[in-house]
Each structure stands twice: as C-alpha cells, then as structure tokens.
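As structure tokens, here come the structures.
In the two complexes that follow, chain A is the common piece, with chain B as its partner first and chain C second.
Right, the complex of A and B next:
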C-alpha cells in the first residue's frame, strides 16, 4: 500500500470516528425536536457549559475523571430540564419563530454569562491521551474512546426507546401528540424526561469533546451549526436520517481536510448541505407523506 | 356508570354541545346517532377529557371527570377509540397495543390482555410486527379497538367505528362489538350508520345541533317518527 493510500485510509477512519461523535450530538437535538417539536438552538452552549464543568472538576478541583463525568452528565441533564421548564414550556403554544428566538436568546445569554464568569482564555484538562500507531497510521486514543462511548450511548438510547413504556411514549408522542391523554400519558412528564435525556446526551458529549478540544465561551459555535445542519440534512426528528447524515458530513470534512486544508473540509460540508437542500429539501431520508 | 348532566362544551367561543344529559348503565350498549356536525365527536372528547366541559357535570362511577386530569381518566376505566382511529402509523401493531396498556395498572396485565386482543382479532397477531399505518382500514380499526381494550376498561367509547370501511367489513366490525359486549364491557358508540348501530345497542340517543332530541330503545327509535323525519329522511 502506498503512502498516499495510508493517508486516505487514516482520513477515512478519522471520518468514521468523528461521525460517531457528531451522530451522538445530533441525536440529542433530534430527540428534543421529534418529541417536543422545538429546536434547542442553544444545544451546543449546554455542551460548552458541560466542558467548563469538566475543566473545573478535573483540572481545578482534581476530582477523578469518571466521577467528574457522571456529575457533568447529571448536571447538564438538570440544565436541560430547567431550560424546558423556564423557557420552552411557557412557549409551547406559540409560533415556532418565537421558540427559535427564545432559545437563540438563551444561546447568547449562556455565551455572555460564560465570558463574564470564566473569561475568554482557552482552557483544557491538561490531560493528553496517547496516540495509537497502527501500521503507518496515527489514530488518537481520545477519538477512539469518544467514538466507542458515543456508539454505546446511542445503543442505550435505542434500547430505551424500543423496550420501555416511557420510550414507546416518546416515539408515540412524536407521531400523534393530541391523543396521548387517551393512552393515559402525561405529555408534560414525557417532555421533562426527554429534556433530561437531551441534556444528559449534551453532558456526555461535553465529557468526550473536552478530551480533544480546548474550552472557551464560543466553543459551541465550532460544532453547533454543524449539529443543526446534520439534523436538517437527516430530516429533523428522524433519528436514523440524523445518524446517517452525521457520517456523511464527517467523511466530507475528513477527506476534504486530507486533500486541502482542514478548513476546506468544512467549506465542502456546508456547500454539500446547500446543494442537498435544493435536491432533497425534506432531508436524506424523507418520509413519503 | 357514566352520567352527564347539562353538559356544555365547545371549541374556543364556538359551542358544540348545549345542555346534554345522558346516562350509561353498567353492562349496557348505548348509541348516540345524529347527522354530521351534530356534536357527536365533541361528546366523546368531553367524556375522555380531550376537551373540557364549559358547564354541567360528568361523572364516572361517582368520580367527577371535570376535575380529573385527562391522562388520569383512562385509569377510571374509560377507553376511547377516537374518530379516524388515530393509530401511531410508524409504530408496529404490537407497540400500538403496548401504548394502549401504558397506565401502571394495565402494565401488570399486559400479557393477558395482549392474548385476549389477539384472540379477538387473530389478524392483529399475524401483523404484530407490521407498521400500523400500512394496514387496511378495517385492520387499523381492529388495532384501534384492540389498543383501547389493552387498558382493561369498564367503558369503551367508540367514535364512528364504521367510517371509511367497506360494508362487509362494517358487518364484521359490529359483530365484533357484540362479541366484546358479552364479556360484560359497557359500550357507548357514536355513529352515522344508524341502521347498523341500532342492531347492536340496547338504547340510543339522537343528537342534533348539540342537544339531545330523542331517546329510547333501539326498537322505539327505529319506529319513531322523530327519527324518520329528523334524521333518516324517510
């Protein structure tokens, strides 16, 4: 195998690893949209707060990393519930644009609050995981860990949706909201549970991303738009579509970064998105209605 | 068992029911007939809590439904098969039935109830892994009734079960309703298909423009001049 092919293979593998994490990120947003019919524009900012939480717990207060991760996931889940109760629930009956503006407002609020509280310096855990060398390829251990954890988390969410009564109600509510009381389901309770789950996934994402990236108040901007585009490309609320779209995007970014600069990967990804919006405006896996 | 006294209800400022009083006794099958727009669906929705009454009182075995949250009404033994069936189209038949048995008391009985529903509707057992939205209208109606039976209700509310079904399927459906009754289940059914429904029920009410215009046994109503003039048009 030539050197060039090794680079290509390395880029492909890194694309898959990135895709797993992006899929996890988009699953949280998709769940919220599918069930509550609201887009959390500030989703990436919850992840940013989770990353700060990890930084303080691990690098400043020296908690063991696993303990810090569990606390981080729980804390962001609680933030998801607070976001729902304070911002989303009062606006459930309003026009979608008002809901978008409100969660958009939360985005700027959280960014500004983080700037005031934590400053604009880049912070990191000071933890460097080894890089694995497989034949001639370099694969980062933190990416592998993130990929495997993301897949396990998605499997857990799948089992929850497929096997439990609450999971069935979460799927059902996305298909017919009005008749849920006839099933004896308290829709507001399901909304709170879903918000907690969406928050917990953001918390988990924070634990994984903080191993690879520095945290700063605007870190959400580097993946927030990407998560949103993945969800739209997959068909908002369509979990399988979101999963597939995450890998498509990740490969475009990774391969684009191989042939040109890393930034070009993002340019290709967004250009691809714009073209796809003309070709398949309902998303990759649009349902026939 | 079920008592409505001077119930008023509507959508926004538009009233759909004025002063409706009716009774359903345990073990009975009662029909509500009436033309399109008479308020039949509103009547069903106000009983199961999907819309709240703006006046009067509704009680189930002495419990006031007006102050019971909608999602708690199932637990009192009322199961509502809504107009147009309203299955979860992208969920399997078995998952739809599972949703019907969502309340804690029903979960404990899930396996027994599922067996009973499959015995009543063998077709649902054959199609249990199929997505509900891909079945025929008759099969979907069976699934909707099966879903309601999963909660082990005392009172079954059927809203236009024959709508959109072929005549031969409608016959089968009403035979099944008779069969369900033999288990001691109380039934309140709303229908436009007057001839069919009067074969199945003990008593019926005529609902027109939001109020009860006539009441009597099925035989009386079939003979009644009011019904002929007001509704059957013969």
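Right, the complex of A and C next:
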C-alpha cells in the first residue's frame, strides 16, 4: 500500500466527515458543561432515544422525514430540560462527582428502558442515501449531509451565543456563576435554556446518526465515551478546543481503521487521549484559574 | 462488638457443609467475588478518588490469567501474581501522571473512563488471541478439578476461596482505615494544597491507594475467571462494569467497610429475583431499577443504605458530639 494512495485520501476525507458529526456531538456536551458545570454521562443515551424516535416516526408511522426530524429535535430538547429539572437541579450544590454519577444512573435507566420498550434488535430506517463516487473514492451522502448540517448547527449556536441577548446571558453565566445571579440574571432560566439547547443538539445528532447507523439500546456506548474524551481533550467547556479535538480524533480513528481494524482506531484514539492528558494538562485545565 | 465477629466467621465457614444446594451456593460465591471487587473499588473511592477505570483492571486480572494459562501453560498460581503485577503497573502508568499533574474530580473520572475504554477495545481488537466479544474460556485441566490449575468443580471449595478473599479484602480495608495513609488521604480529599503544605506527599499517597485498589480489583477479575471458566469483555471489563461497581458501592454505602458488600448483595439479589420471576422478559429491568435507585440514592441518601442505617443507629444513642461530626461530614 503506497503512502498517498486513494484509500488514504478516502480515509482522510471520511475522517473529516466523521469529525464534523463528532464536533456537533461534543458541542452539546461542552455547552452543558461550560454553562452548568455538569457532565451529562448519559448524553449519548439521549441521542439513542432520539434515534429510536426517528425510527418510529419515519419507519413505523411514516411521517415525512423532515417533520420527524423537527419533532425529534424538540422531543430530545424537552428530555434535556426534564433531565435538568429532575436530576441535575437537586444536585447543583453537591460534589461534582455526585452529579457525574447521578447522570450515570440516568444512563443505566435510559439504556435499559430502551431495552425493555424496544428490545435489543438492531433497527434502521430502511433509508439508504446514495453513495457519491469521486474518482475511485466512495463517500456517502449521509456523511456529507451530516457534516454540512453539523457545521450549520455549530454556526447557529455560535450566532445564538454571540448575537442574542439570551446568548450573552448564557456566556456570562459560564464565566461567573456566583456574580451573575447578583446582576439580575435568572440562573435557573438560563440553565433550562442551556439544557434545552444541549438536548436539541443531541436530537439533531440523532437525526444525522440514524441515517448512517442502526439503532439499538447500547448504541450510546459505542460513541458516548468518545464524546467525553473529545470534550476533555479540548478542555471541558472550551468550544473551539472541542471542535479541533473532534477532527483529530476522527482522523485517528479513520486512519487506524484503514491500516488495522476499526477497534485499533479506537485504541489509538484512547491512547492518544491519555498521552495528551499528560503532555498538555494545562490545556485541559485551562478553565481552572 | 467483639464477640459477633468470630460467631459470624464460624457461621459463614460452616455454611457450605450444612447447606449445599448448588444454586444458592453459586449466588453466594458470585456475591462474595463481586463484594470483594466493590470493596477494592471503594478502598480508593471513599477518598474522593472516583475511578471509572476499574473495569479495565478487572479485565486485565481475568484475561492475563486466562491467556497465560492457555497460551503459555503457566499455572494460575504464577499467572495471577503476574496479572496483578500487570494491573498494578498499568495503574502506575495511568495514575502517576494524573496525580502528578493534579488531574482530579471529573477529570480523573474521565481519564480513567478512557482507560476502561482502552482495555475493552484492546480485548476486542486482539480477537485472534482473546476471542474478542465472543468471550474466552480457560482450558480445562484434569476434568476441571485440579489444584495446579486452580480449577474446582465443587462449589463448596469456591465458596471457601471466595470467602477467604473477601475477608482478606475487609482486612485490608481495616488496615487502611487504621493507618496514617487514611489520615493523609482524608486530608488530601479535603484540600490538596493544604495537605501538601502540611507535609503530606500527595502524589505518593494517592498512588499507593490506587495501586492497592487496582491490584485487588485484578484479583477479583482473576477469581471470577477461574470460577466461571468463561470471561467476555462485557462481563469483566469495560465502562458498564466500571459504572456497575460505582453504583453498587453508592447504594451499599461508600464510607463503611461492609457497604460495598451490602451493595453487592442488594444488586445481585435484585437481578436474580427479577431474572427468576420474569425470565427473559426481565432483560433490562434490573438495570432500569438500578438506574433509578442510583439517582435517588445520590440525591437523597449519598451515604448509601448501610451508611445511613449506621448513622441512624448512632443518632439514637444521641451523643451531641457525634451528631455534630456526622453533620459536618
């Protein structure tokens, strides 16, 4: 296998496309962490439920896919709010690790609720988008679509944070959780809005992922850990860092998968993560003063 | 408080000779092995060192032992110590930089989460040797009953082995509980800078307890492998197992020595009762109940069942001093 062969290029491009989706996934988690200072370990499980929602709406009840997507995004956003109100809000004052573990409990709950309700069979939309062939390379439309949508969604979130009044309040809370309530910002309201936004991003990710992957109750475990690592690598709460880390990770996985097995891609990505933690802990801890 | 201990020990020791129906004995062995694993986790978890990587240590304990036996024909009597050493080494490799660079709290939990992810993926990726997600079986030796291969068909033997290891775990807990290490680690969990200023070697103390905990967890994994004679990445390794450990310990009580045991008893009995009463329809229900319980416990009973009960018992004997200590804790 030559160094610059067509497979390498294909793997590189697929890595970039995967990176777009991973960046979208980590954006939601980063937003939650940056603003509320909580890690939703169950974030991937929200996506899993969104994927099931898409499956039922599209494949079982035959709603148009765009309508289904909108409903899915709204529904997962509502789930995000419920998660915040029921689980996170009572724990806001306690140790961070307790919040982490409580959302771990939600992870167990959602996963097994899906097993109980939907069974363990793999399900898919039965919708296959065509594959684009660019001079010997195969790129799937669903990945391209996911990549473009992810970029647009990230732009939208950026504009929301940078250009709107509420967005400014969200950023202010992220900067100083103690002072902003004194300045008249309603913390609870901002937290709920952020949770809804985080949930909506998870819902959007679900709409994009369900085009590429089968859904089953444990699908969250296959990319959940990856999202956390990306967020930590980029610096939890650091959107730009998370964005960059997503692409680095995606390339490692894609290239590892090209030369060895897909699992080795993950092994390299995880190992890279641990090494980077030691090489650049200051990037990681940038948020702590 | 002195006399119940020998009595309880005698009762537990005599149990398999009086009552040896295979199924309850099997459940007891499983409960003891997991109790030991959970105790190993909470030996560091109680100091705020929440690791989500113990699934990885357990997997190493199980897989290294089994691989050495099958591929190198090395008796588990040597294989287990090697597995424990491997696990301890891995703990040092990961934990030392963590502690050195002050990766604590969330960050420590997430780095160790990566560790359990790595171990799981390595086991799956090296499927030519480990069987991947299909699982792995140590070869039987002399009909599966041999001291040399550490394989026994009798459940009574396994019960006694598991009992001894579990009691050993509690003994280690007690030793740690009464040592200077405990004081140092409690100081560290309160305030790292303060502890360092007071002359505590933060990195070294944390490393000691982490290695101890990792080695014990690996022993639990090796034991599980030898008893079940079948391991798969999902049953001894990975993130689900790591979370399961945390969950059981939180339910039982993280700050008391028997807390993890209580957690193991509750979670395993719950799973078994659901399995027996609902059969295959119960798939998923046990974790459903776990998940809800975990959330409820963390919100309302962060000290766990046993911890809260002990507090209650202590409160009834009402000395204002201890009440104040509980309130401040």
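Heads up, the rule we're going with is that the second predicted complex is superposed on the first by the 276 of 289 C-alpha atoms of A that agree within 3 Å, B and C clash if a C-alpha of one lies under 4 Å from a C-alpha of the other, contacts with A are read in each partner's own complex, and residues count from 1 in each chain.
Here is the rule we go by: a contact is a pair of C-beta atoms (placed from the backbone, for glycine too) under 8 Å apart; a residue touches a chain by one contact, two chains touch by 3 or more.
Fair warning: this is a prediction, and the values are worked out from it, not measured in the lab.
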Per-residue touch tally on chain A - higher for chain B or for chain C: C
Touched partner set for A:60, first chain B, second chain C, both or neither: neither
Contacts of A:172 with chain B and chain C, given as first, second, both or neither: first
Partner chain(s) touched by A:96 [first = chain B, second = chain C, both, neither]: second
Chain B versus chain C as contact partner of A:115, first or second or both or neither: second
Partner chain in contact with A:182 - chain B first, chain C second, else both or neither: first
Doubly contacted residues of chain A, that is, touched by chain B and again by chain C: none
Contacting residues of chain B [partner chain A, same complex]: 48-50, 69-75, 79-80, 82, 86, 88-91, 95, 98-100, 102-103, 106-107, 151
Residues of chain C that touch chain A when the two form their complex: 48, 50, 94, 97-98, 101-103, 105-107, 109-111, 113-115, 117-118, 121-122, 124-125, 239-240, 243, 246-247, 250, 283-288, 290-295, 298-299, 302
Chain B contact footprint on chain A (complex, rising order): 165, 168-169, 171-172, 175-176, 178-187, 287
In the complex, chain A residues that touch chain C: 39, 87, 90-91, 94-98, 100-102, 104-116, 120, 217, 221, 225, 228-229, 232, 236, 260-261, 263-264, 266-267, 270-271, 273-274, 277-278, 281, 284-285
